[in-house]
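Letters A, B, C and D mark the chains as written, and numbering starts fresh at 1 in each.
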Amino acid sequence: MTVKVAVVGASGYAGCELFRLLAGHPKVKLIGAYDIRNAGKPVSEVHPNLRGIVDLKITEPDYAGMGRRADVILAATPHKVAMKFVPKLLGEKAKIIDLSADYRFDDVKVYESYYVKHESPEVKGVFGLPELYRAKIRRARLVANPGCFPTAAILSLAPLVKRRLIDLDHIVIDAKTGTSGAGAAPSEVTHHPVAGANIRAYAATTHRHSPEIDQELSKLAGRKVKAHFTPHLIPIVRGILSTAHVFLRKPMTQKALLRIYREFYAREPFVRVLEELPQVNFVVGSNYCDIGLEPDPQSNRLVVVAAIDNLIKGASGQAIQNMNLMLGFDELEGLEALALRP
Amino acid sequence: MTVKVAVVGASGYAGCELFRLLAGHPKVKLIGAYDIRNAGKPVSEVHPNLRGIVDLKITEPDYAGMGRRADVILAATPHKVAMKFVPKLLGEKAKIIDLSADYRFDDVKVYESYYVKHESPEVKGVFGLPELYRAKIRRARLVANPGCFPTAAILSLAPLVKRRLIDLDHIVIDAKTGTSGAGAAPSEVTHHPVAGANIRAYAATTHRHSPEIDQELSKLAGRKVKAHFTPHLIPIVRGILSTAHVFLRKPMTQKALLRIYREFYAREPFVRVLEELPQVNFVVGSNYCDIGLEPDPQSNRLVVVAAIDNLIKGASGQAIQNMNLMLGFDELEGLEALALRP
Amino acid sequence: MTVKVAVVGASGYAGCELFRLLAGHPKVKLIGAYDIRNAGKPVSEVHPNLRGIVDLKITEPDYAGMGRRADVILAATPHKVAMKFVPKLLGEKAKIIDLSADYRFDDVKVYESYYVKHESPEVKGVFGLPELYRAKIRRARLVANPGCFPTAAILSLAPLVKRRLIDLDHIVIDAKTGTSGAGAAPSEVTHHPVAGANIRAYAATTHRHSPEIDQELSKLAGRKVKAHFTPHLIPIVRGILSTAHVFLRKPMTQKALLRIYREFYAREPFVRVLEELPQVNFVVGSNYCDIGLEPDPQSNRLVVVAAIDNLIKGASGQAIQNMNLMLGFDELEGLEALALRP
Amino acid sequence: MTVKVAVVGASGYAGCELFRLLAGHPKVKLIGAYDIRNAGKPVSEVHPNLRGIVDLKITEPDYAGMGRRADVILAATPHKVAMKFVPKLLGEKAKIIDLSADYRFDDVKVYESYYVKHESPEVKGVFGLPELYRAKIRRARLVANPGCFPTAAILSLAPLVKRRLIDLDHIVIDAKTGTSGAGAAPSEVTHHPVAGANIRAYAATTHRHSPEIDQELSKLAGRKVKAHFTPHLIPIVRGILSTAHVFLRKPMTQKALLRIYREFYAREPFVRVLEELPQVNFVVGSNYCDIGLEPDPQSNRLVVVAAIDNLIKGASGQAIQNMNLMLGFDELEGLEALALRP
């Protein structure tokens, strides 16, 4: 059985990564690569790593009938684009996975306070974190693929929050990301001479992924949670290391905590709970989220570290994982690559 | 059909990469991971990217019977190790691919002038560059997998040398490599504070890969060729960019030259001839060798650039490619991953 | 007026940086470069950036009379070395600045729980952070130069802690350092193939700089403070970005907070309080500590970021600053270089 | 004695570096920072490393009277800008150093074939390489500061070419540069996700610095020389390593060659001839050009490697060196900083 997949947003890094992963997926036929930018060029001219493999031409998106021609539509467009075309497609055959923020929020007002006015607030997606919402994802017609930082942060804290083991008022999440998270558009911030031997915090208290983390931790906790999130830009290309500093309500050993994490993620194919703290190059190139933790021997602080590839588990890999679930495929299909280390 | 594969030299980077690639190979069962270092530890403790996938324990190599238990032995040991154990195994069932330099040289005196005294000079391997020796590799019992620099350099020049299109006395090969080429043993040269924002030439006129390049170019030319090879260490982890500066015997256009390269590599699954000059991140993570060229409009110089992942096409990927050939498998089996870009 | 300076510990990075800075100091004559390693070699053979400028030979340390020959002794030896020779020298003319941890702690038991048994617990140094202890440093015979992380962390928090503006029980300090902080000895952790495209936390709850931060914050607060400190290794060579996440006891604007910082550091030549958050390459190559802050608009969290060059303000530059104070020189002498950006 | 210096082109990297170096120059008063971009902003807002030190405001260039107000004008504008305003200023008091290509060429037709139509072809500058033209620079009113690659390449080959020791028809110069050479304007090529773990050749046979190298080598040789030059982009921020592959006309030892280089550069304060091959971090942060060489033991090839900081000896440092010469200052004034290593 082969399904027909269309990718909207062919020029960006999430798009590139979708093509790369789909090319190795045994049950997929790529039928369309859409974008306004680069229309007319072959995918592999824009993304030369794909040369000889993904040579389909990019065309301007023609939404009329796209939902009939395709079984799955993967939208890797910037926020505010999907909200325009998704409503048109929802009545048709295709299942949709949107990698932007447009359908991630339960409360459209939260979206609007961080992004823009929503144009299809009535449409609801399933938050595409399989570790929390697998059953719903299987039945979904529209999945809202999570942001990269939220993926790492939520997975690193879900077992603790769910069980109310920590002080919910003092959750600090200090994340470090490679530069590919900034996308394919050059800017001063990611100009190599500026970024190449530098570290900076950015959007230190106002990052758009913050409300996404809060939404999911709040649902896990059963009460409103405001996590304290700050991302940093690091001179690597791929990878996120998310370090959570939390405070245990009562003392627990590393062993006991690992047991809880292992139970929580016992059936998860893409979460590895480690006895050491993970490093970015345990996972870059793979769909894994590696998690480790260390309680402070001198206080009630607990450090929980999660590592992901921001473009795979943090974006396109997770989208494929969601696609596999929505189509009833083996969840690992096309996602078995291991990290490149060194 | 599944073949049993043993890896000797489990602790190094070529070993790690063999495990990673073998884990994704549908026709392989890994039956042994051997090394003196790290004996007793699981492979995935030494190489944490493999955790959950390659959890076999490393054991000290026991060569007695190894060639009966395994169908293929991949030796990723430093030079001078294989020459000791390979002769014992040759009479047995297993086919052997040696990633070290021990069996790469037609003339054992060349080996001995760059390495050490050879202990099994009577044993001969087939030079494992499929693009030149595919037929012989298919029939070989012992393949000597080429060095990383020679792979890139020879592939970049073979069509020109074979056809005698260039001045064979003025072949300059200026190569740039990531640090993983130095192997897993820490040293001052690869200490991050020294190497992390640095460029250096090393073994500028005396590198051990030099005679390997000369041997193969000489055979292609049908006369003795001494190429002028200098490698440089660059602060990336993976990848080689090999820039050849050669002098055309008579003027030729880029188009005509590309036609020759395309013909030469017409049936090669892992050589891509490009209209632009390749970059390292066109290929890192894949088994491709990308090649491009540019004739100097003001002189008879021709620049030919080749890019490979030094650990894949330059080592373990090429070993798997050779294994596929030796076993009659599809040559691409287990090697279809595309480069990560960005 | 020229003073005679001897450097013990000539082979390491702090030693190298001392030579580099002393070479540009108009009032200093370098009279000795001591080390067990590399004895017999010129300084500039070990540190080739100094070639032609610092060509003194390294000799084995001869402590007898060193304190008479030199006016100042700068000890850039690993912890546990200074504690052996400093007591012998204290009765002599030379003033001593020790860059190791040996004399940083008021309570020798704290030292011993993080390092080793102390061999000269009766000797006390002045904690060499000029911004807090300038007057004492001027009069000191022995200055204990602070660690790199404590320099950044303490300076980033001193105004808040001194004035009790924050919850002292929930101070999280998440620091990121370049690899030169690990010193000149190669290891697996700083091997370029491992570290070059990686991020990791290390000693996440047990780092030796933690008690140093706690000691100073406690003195500033007038009560015991346990900060929650975690360092991360980042693939740059130089620089520390220290991000403090703290909780304001009552709401304050950025403007009001900046005013407090500006007052606190009003007369400091090497602390710059910025309206934006500092980046590592604002300071690398200079003796500055740049500080910026951002209160969270949605909670009582405050993010304070400090950036330093770990080898200058975090080690050798601060040692020169202390030397200038001890000798009555202009504090900026030899330290006026600005950061290299880009 | 203090001279008044104006900088035109305040926003770029060469401008930033001029400010940084001038700030440490004891005989200079900066009287103007000019640019169209960023007019109205303080220099230190654009270049935050300079904060607290260079807080002059950038203003739009007002060329009328600039040559009377200033003693020296440093022009760090892109090519094609200086050719417009330099002629207006030449009759006035100020001496001018132009860091662009506009006045580097003896033959304006060469300039025009690589750049644009020249608007003041009658104006001639002195080529600002002090090692070759010191006497002329001292007397010059207009110095054309060399390009970064030519500085390294010419210095690495001058002694050989001058003495006709090499085959002038087979000079290959394979250069590697950090990304700051591309300037301050972001582009896809220097976007960190693309450039950060990559190596590429660019303008492989057509780079604009090529004719500049040829012009100077030709003058040294006393005949037309066409060197074969190819630059590569490397993921470091600063530094050039220029590797020349040349062919000796008769065999010479390393020792004999070093003696020739040492004689040639005997009185040069900023050229260091080394017994080993230089590395980029021997010089980054300094005005040095380090040179080393290695004859191939198996052929007549000679490898000569030069390392410079592209923004210092390759641009702004050399401009200050030229300024010192033009004003009769000590040539080292303001240029004594040593490289940061590590």
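Structure notes:
As a working rule, a contact is a pair of C-beta atoms (placed from the backbone, for glycine too) under 8 Å apart; a residue touches a chain by one contact, two chains touch by 3 or more.
Being a predicted model, the structure only gives us computed values, none of them experimental.
Looking at which of B-D and C-D shares more C-beta pairs in contact, the answer is the pair B-D. When chain centres are defined as mean Cα coordinates, D lies farthest from subunit A.
We define each chain's centre as the mean of its Cα atoms; on that basis subunit B and subunit D are separated by 39 Å.
Each chain gets a centre from the mean of its Cα atoms; for subunit C and subunit D, those two points are 35 Å apart. Looking at subunit A, residues 13, 180, 184, 193, 196-197, 235-238, 279, 281, 284, 341-342 sit in touch with two or more other chains.
Only residues 13, 178-180, 182, 184, 186-188, 190-193, 195-197, 235-237 of subunit A touch subunit D when the two sit together in their complex. Contact residues on subunit D toward subunit B in their complex (touch as defined above): 170, 172, 174, 176, 193-194, 196-202, 204-206, 226, 228, 230, 232, 234-239, 241, 243, 245, 247, 277, 279-281, 284, 294-299, 301, 303, 305, 307, 341-342.
Residue ranges of subunit A in contact with subunit B, taken from their complex: 13, 16, 20, 23-24, 47-53, 180, 184, 197, 237-238, 272, 274, 276, 278-279, 281-286, 290, 311, 336-342.
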